[in-house]
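There are two complexes below, and they share chain A, which is joined by chain B in the first and by chain C in the second.
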Partner chain A sequence: MAIFGPRANLWMNTALVSVVVLFLGALLSIWVVPVMGYNTQERYAPEQPVPFSHRHHVTGLGLDCRYCHMTVETGQYAGMPPTETCMTCHSQIWTHAGVLEPVRQSFAENISLRWNWVYRLPDYVYFDHSIHIAKGVGCTECHVSIGDEALTRKTTTLYMSWCLDCHRNPAPHLRPLDQVFNPSWKRTANTPSGTALMTAYHIHPETLSDCGVCHR
Partner chain B sequence: MRRLPIIAVAGLALAMAGCDNMANQPKRLPFQLPYGAEANWPALPPAGIVANDEPFGPPPPPPVTIALLARGQQRYDIYCSPCHNRVGDGNGMIVQRGFPRPPSYFSANLIKASNQHYYDVITHGHGVMYPYAVRVAPPDRWAIITYIRALQASENARLAEVPPAQRSLLQ
Partner chain C sequence: MTVLDLPSEAPVPVVAPGVTMRSLSEEVGEPNLRPKTPLWWWISFGFSLSLLLVLVVAVIWTLDKSVGAWGINIPVAWGLAIVDYVWWIAAASGATFLSSMFYLTRSPWRTATHRIADAVAIACSASAGIMPIMHLGRQGLFYWLFPYSNVMGVWPQVRSPLWWDFISLLCYIIAATFYFYVGLLPDLATMRDLARDRRQQLFYGVLALGWRGSSQDWAYFRFVYLIMAAVMAPMVVVVHGVVGLDFAGGLTPGWHSTQFPPYFFFGALLFGFALVIMLTILIRAAYGLDDILTEYHLNAMAKVVLVASLLLAYAYLWEGFGAIYGSDIAERTMFLNRISGLYASCYWAKIALNVIIPQLLWFPGFRRSQLLLFAISLGIAVGSWLDPYVVIVQSLHRNYMPSEWGNYYPTFWDWALFAGSIGLALTLFLLMLRLLPIVSIAQLRRIVKSAGAP
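Right after this comes the complex of A and B.
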């Protein structure tokens, strides 16, 4: 019997190609797959009981974020409005709209609407809205295009690297306190510099990336 | 000693069982129903239920300061201006979209109305206006009333009454 059978060449070529393919596959799964939109769920808008549009309510009508998200300045959570808040206007406007039927039903039965989480953080992260608001981080620094979204979608990866980008260098993300809730704010020539705002708000980036800032 | 690898593997397997998903910890979070819960939270607490840190009765009106006025302006612009408009004439954006028009703050009735009347309307609502007790905390109600009084005073103000340094802002 010969050392090399008639298919020896085929086996060897297959093995060589497999090594390259597996190597590239490993590279893809480590560096590419985690940042693909399918995994980060960026631009993903979960289905909701009511197709609520921030574009209509914020950009169109000019409602302040805090009209509905009442605890954003004082609490860990921005707060979801009770159905009473929806019905404040919708008891008089769009009273027969089909899409608002779940709202009317919720109000009549005194049962909360159940919205689906868009920005879901793992339980080991202790994110707090109020401190970011108090230190001049505007809503749209994280919820990028929220004021112009017809359906609320996730606009960031929420990866820890994304949090740290800002925690290591907060200055470019700060704005004057009266502009925090302005969804279309842009830095102008008259805006105080990020460094000046950082001093004014007593922000110390050297301790801002300590583990205990976000993890307990 | 032949059994050492088996024991080691069994020990590791046991240790791995302790690695649960820390992203979903068994703790109660706001806006989250307990795991497996069927019933939903009530949208508003039943009548007569008060929070255990809720003070008895409304707080007395605070002294009028510039800080109170600024707070009132901020809260007014958030919660009242959609209907009452930022100047207080009752022609806000929601009214322009079909909501019944509220009375202007400059009407004789509302200029005469007591502060308590405004406080009660914010707390309990009035006509088609819903209660704002959940949205506007009691101290903020007084701040908003202070600002509404300032709006009323500004309606008939003359340029001569404005401090000279501020006049250029209005012209």
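Right after this comes the complex of A and C.
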């Protein structure tokens, strides 16, 4: 009696081909998934208690970044504004707007607004806003289109390779100190070169990518 | 014809005269098809399974406590795990070299023993593979070694032998598995045809991948097998040579020497052959394969062991000469400590076991006596373990600065991992022994045919 039926070869070949296809598929997904926007959450704007628009406040009204993010020049965190900062204007204008109800409630009950984190770094990464500001890294180098965002969204991957791109070659990302908070700054012919700025700010890229710079 | 074919004393046939084509298939194939498993197999399997259990516990413990569970520390940061790794990969490399190189030289004694060697290579490379991973401080991150699409912007140091080691070991394990399997195909078909039980027919039939024994099948088979053998022989030289480079690349006295790749490879040859000899003697007795695994095979392999032992002796000699003749005070201090210090007993034991005692194989009587041959091979196995132990631990414990000298005491978990890795290799080998024909029937048919048997 025959051990295998006439179709045995078909089954076997199908199985062998499937193994190869599955293997290649697994390989492909290992390579592709990490760079997919779905995985990196680029362009993702989390739900916020109030649909705050940077486009309106920064580009439209011309508020300085530091008006709300007060500790950005001195601290590790840029700082989220207390409700009182919002109320400096919104006690006078749009006092009955529905979208601002959480702000008024927060002010009345003296409970801070709970904004949802957009640019969230892992706990094992040390990041300090103030040093980047002090060394001429403009806000929009990382928060790319922040001044023009109707809803705040994550515009970068925040991958370690993304950090290292700049830490290994900072020159193209530097600007004069008076332009750091300009959300629409463009390099012009009169701008000092990146190398010149690097010298002026005493930036030494050869140590900038040491492990201990970020992983302390 | 090679030198090894020439009978040095009383001419011994490669296979006993009584072996025919039919008796060959049955003698090799039937033990695997018998429903009743012999008692010796169950006893050995029980023993190896309990050692495997030790490995499982030791691995879980190490994963939990990390390498702090072991005795390693500065200055001796490489301990038993690396010693075991070198030992296992030496066994695998040497065995694969036996199987592939002596296929290329068409040595007849390799025909009946290469399946044992290939099975040894697979089993040992499994045990070798877990050691470097366990040695990582954070074992869960071992995949960082792969060139996968990592988003960290940092990549493995491609100029480091440690990374070459990872790549070459990975390629070797994959290639050795294919080499083993390709060589098995015609035999699996023979097993399928011999089997009367439906489940056995299906098992061997599926594994045989539809082998029909047509001339087309054979043409492909010979072509693929020849290429695989021609790939494997230089590959194992690279694999174990790179293991040697792991040390040569370090600046530690006793490591930083250009002779390490060949030195380690000679050691691999010696150990691989000794291990195959030991298993050949055991399998021969267990399965009663005296007429297939004849004295001719043991005699030939014993001679190769002798050659490997002399090659290793050359490396040992050069190690001492370089240290004493050279002008490096650290190197000389280290070497003098090696031959007279705390680890001197290990050093002299490895010299005796790897070089001096194997010289007995010059005498035909020692090559003929299975007991003595087994004892010498067992001694080589121990010596081959002491070799990396001395190289690694002794070198590290006497580094450049006397202020950084220190000793290494393996803990219980060091030894548990070592014992457990023996369990893993032994379990794999016993499973292959039970399920697969342990002598290549297809390739042995040529020998039987050329001997003029019907």
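Just so we're on the same page, the second predicted complex is superposed on the first by the 214 of 216 C-alpha atoms of A that agree within 3 Å, B and C clash if a C-alpha of one lies under 4 Å from a C-alpha of the other, contacts with A are read in each partner's own complex, and residues count from 1 in each chain.
Note that a residue touches a chain if its C-beta (ideal position, glycine included) is under 8 Å from a C-beta of that chain, and two chains touch if they have at least 3 such contacts.
Worth saying up front: this structure is predicted, and the values here are computed from it rather than measured.
When chain A is checked against chain B and against chain C, the one touching more of its residues turns out to be B.
Once the two complexes are overlaid on the shared chain, A:I131 sits clear of chain B and of chain C alike. In the superposed pair of complexes, A:N110 makes contact with chain B only, with no contact to chain C. Look at A:M36: by the touch rule set out above, it reaches neither chain B nor chain C.
In the superposed model, A:D123 makes contact with chain B only, not with chain C. In the superposition on chain A, contact of A:T157 is made with chain C only, not with chain B.
Once the two complexes are overlaid on the shared chain, A:I3 sits against chain C while remaining clear of chain B.
In the superposition on chain A, the residues of chain A contacted by chain B and by chain C do not overlap at all.
Listed in rising order, the residues of chain A touching chain C in the complex are 3-4, 8-9, 12, 30-32, 34-35, 157, 159-165.
Within the complex formed with chain B, the chain A residues making contact are 61-64, 66-67, 70, 76-77, 80, 82-85, 87-89, 91-93, 106-107, 110-114, 122-124. Here chain B touches chain A in the complex through residues 22-25, 27, 29-31, 40-44, 77-79, 82, 93-94, 97-100, 128-131, 134-135, going by the rule given at the top. On the side of chain C, the complex with chain A involves touching residues 148-154, 192, 201-202, 205-206, 209-210.
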